[in-house]
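For reference, chains read A, B, C and D in written order, and residue numbers begin at 1 within each chain.
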Amino acid sequence: MNLQGIRVTIWNEFRHEKQNEAVREIYPDGMHTVLKEMLAAQGATVSTATLDEPEHGLTQKVLDNTDVLTWWGHLAHDEVSDEIVTRVQNRVWQGMGLVVLHSGHFSKLFKRMMGTSGELKWRDIGEKERIWVADPGHPIASGLDDYFEIPMAEMYGEPFEIAQPDSVIFISWFAGGEVFRSGCTFTRGRGKIFYFRPGHETFPIFYQPEVQLVIQNGVKWVAPVEGARIPVEMNRPEPLEKLP
Amino acid sequence: MNLQGIRVTIWNEFRHEKQNEAVREIYPDGMHTVLKEMLAAQGATVSTATLDEPEHGLTQKVLDNTDVLTWWGHLAHDEVSDEIVTRVQNRVWQGMGLVVLHSGHFSKLFKRMMGTSGELKWRDIGEKERIWVADPGHPIASGLDDYFEIPMAEMYGEPFEIAQPDSVIFISWFAGGEVFRSGCTFTRGRGKIFYFRPGHETFPIFYQPEVQLVIQNGVKWVAPVEGARIPVEMNRPEPLEKLP
Amino acid sequence: MNLQGIRVTIWNEFRHEKQNEAVREIYPDGMHTVLKEMLAAQGATVSTATLDEPEHGLTQKVLDNTDVLTWWGHLAHDEVSDEIVTRVQNRVWQGMGLVVLHSGHFSKLFKRMMGTSGELKWRDIGEKERIWVADPGHPIASGLDDYFEIPMAEMYGEPFEIAQPDSVIFISWFAGGEVFRSGCTFTRGRGKIFYFRPGHETFPIFYQPEVQLVIQNGVKWVAPVEGARIPVEMNRPEPLEKLP
Amino acid sequence: MNLQGIRVTIWNEFRHEKQNEAVREIYPDGMHTVLKEMLAAQGATVSTATLDEPEHGLTQKVLDNTDVLTWWGHLAHDEVSDEIVTRVQNRVWQGMGLVVLHSGHFSKLFKRMMGTSGELKWRDIGEKERIWVADPGHPIASGLDDYFEIPMAEMYGEPFEIAQPDSVIFISWFAGGEVFRSGCTFTRGRGKIFYFRPGHETFPIFYQPEVQLVIQNGVKWVAPVEGARIPVEMNRPEPLEKLP
């Protein structure tokens, strides 16, 4: 994977890791650090930002220098300020890519991007998940076999309250009996969005090679298109044609 | 058109009509009154609500008794309270239909539903608009010919910053040289949304028979589906299958 | 369910039932007879047509008097004449609804409508299928709970080679480990299409109440829209506007 | 534009150019030659194929060595053999990209890919066309301004009988009064399809820089994705899970 030239900012709520010993054992320096190292190893230029930093680490300057933002939150969605969410949303509309991971489905940011509640069924007992590739030609599925498995996962089940996706790339099967659209893409303004279900605070899912590959593919795919035009002049007082 | 049994609430900003003599001449009792009478004549049970009423006329009780809400705003989008927008959004997710008219594209409500900026090109010099039916099988186009014309209209032009529509029913041609996706549908949760471009404060567009027909069709089409299920139990602690 | 006024033609390949004792025990008069009685009991006007009749029972006159056609085939897709497929396809474009059942995914008709191969994974050992409602607001899911189960089913698995659906209403979970988009809708010309996975020759699936309910909902939903316009004049030698 | 490594085959009906002096003046060696030189100048490896060659120049070997096929036909759609169309369709399903130009909307190949009639309104008097970018973030629009114009064009108007596009990139305005979705993308199997309206036998449209740029962008965008998986094992007799 060549992610050279892509400037990624990893956003992590970073609360579980501070409060919970079990989480800290898996992610001693926070999930964002694991994701950062993984993407940097593929050539991306990676920074991190977390909830408790000033402006949640997402100043305008940081965002202006970000090609792709990844988002993980869980405990404290409500503590994210509306103003920062608006700032991030504006950057996506301009073309910044967005990768939303796991419980990020319930973040203010994702719900605003969808216009839906982001709700889904869930159960957290550590069951097997098998992730099927439903769209094998999509670049985000590149390098995968027909499916891959996560041995211990939280279940997310349909109905998943999202807007109509551009593509449904992955559909999950859970040992407990449910199904879920686990990989979906969306476009908002000039920006591309990829939602990817796997990831959890107490299962070491972000270390799994297939999960890492999909996140790398996702980062590459949502990165801004060269030459994409950001329309600025919307007020057009003069007609292009002579009127009668 | 039989709209019997559909409870419609017409929401109107209702500021232009109070402030501007030219608008008042066209809509002496407000646009909402014209829309109300038109839909009531087809059998709908119609109420109205306006910005300056307490809670903008949209109490929880009003919304709970509304099947379809229509929305027109222009001057004062920012004065609509976030809390009321959230309340309306929740009702749409439960199944209330929503018809957004003309400059409602820039309302907080529509932008939230889309997850986009709602921007578009515009020019307000009163030029001819020809509205083509691009999806002649759609119920919202029922009763129309290949196209209809509006003699004097404000121009709205592409790119229109919306989420991917379920259907593009109408595409407009403007004498001044632009084009626009003038009739689009969306689904959010259990609710259906129809955006319809025509309508303006200083042109008598809401009196035009074809425009009225489309609004009637739209109200009928977004009305809630009988038997639609509102999922409530999302937490599913027990698996359906025995785990190994 | 009120299917009054809808003229349905049930098309069945009707070979399994003649050749195989096990199938005949379940469907002694053919699957089409079971489907016919079920839909007629809801008020539809139902006829049947089968492969071995002249013109496969699908004369132009039959099609001209059909609002909704249902299609089941399996053994003999290749024996269906291209000419009849073209005739049926033309009628769908004019607005006739089409419900494609189970192994009909591999019929000439469905593949032509999709522009894809119609392929999917499969295994026929009689395993449990749980069908989840992914779009609970869709009329085709009306009356169902969160899911329903088929105790013994043939497995169909992703990737399912179809065109992008308008809606994915059902997603199946299989005990053997796969998932499948089991209820999908499409539009082609003025016609609506509903593909529904359940149904098999040696399991009595078409007798199951939930399956029957979905087929009834599907027939109702794909039935032609009143007032839908069939464009006829495509050659437009005269411009609508005066050219310079 | 860097098209290095992309093997393109330009298919041209190549009849107008032989039969009609006016066409020959514009395209003395056939349209395919102009397109070939234009794409080769950007680094693509380009071959051509025409209707009157054996197998229309599209042997299995040619297709197996083609990444992107472009298609232009007009007079003789019916002379294209069904067998060759099937062969091309199979290659698209495997991942070969397809760019369909102008009157190719009525080719057997495009209609099969859509499952629709491919019909549209038309008028051939040489009027101005203005092509608006409706999706400015799409790679196919890269390098364009808000719109570009074609001074003399054949009009194509809505309704355009196609399947639901993945993206509508361009919408055309015609001086005579119509509108048209002039740039649309679709996915079929592993293959991507781009339909682009401009192009004509008696107007020198394929020499226009903006049209050439869009065709280059289109070729780049439909080219196969590295690592895309072609599913081969569809029969899965063994379940992945132990059944009860």
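The working rule: a contact is a pair of C-beta atoms (placed from the backbone, for glycine too) under 8 Å apart; a residue touches a chain by one contact, two chains touch by 3 or more.
Keep in mind that this is a model prediction, so the values were computed, not measured.
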{"item": "Rotation angle superposing subunit A onto its copy subunit D by C-alpha atoms, nearest 5 degrees", "value": "180"}
{"item": "Pair exhibiting more inter-chain C-beta contacts, B-D or A-B", "value": "A-B"}
{"item": "Chain whose Cα centroid lies at the greatest distance from that of subunit B", "value": "D"}
{"item": "Subunit A-subunit B separation of Cα centroids, rounded to whole Å", "value": "31"}
{"item": "Where subunit B and subunit D are represented by their mean Cα positions, the distance between them in whole Å", "value": "37"}
{"item": "Junction residues of subunit A - those touching two or more other chains", "value": "130, 133, 136, 157, 159, 166, 174-175, 177-178, 187, 189, 231, 240-241"}
{"item": "List of subunit C residues in touch with subunit D within their complex", "value": "89, 93, 112-117, 119-123, 125, 127, 155, 157, 159, 161, 163-164, 166, 174-178, 186-189, 231, 233-241, 243-244"}
{"item": "Partner subunit C, residues of subunit B touching it in the complex", "value": "95, 130, 133, 136-139, 141-146, 166, 175, 187, 189-192, 225-231, 240-241"}
{"item": "In the complex, subunit B residues that touch subunit D", "value": "130, 132-136, 157-160, 168, 171-174, 177-179, 181"}
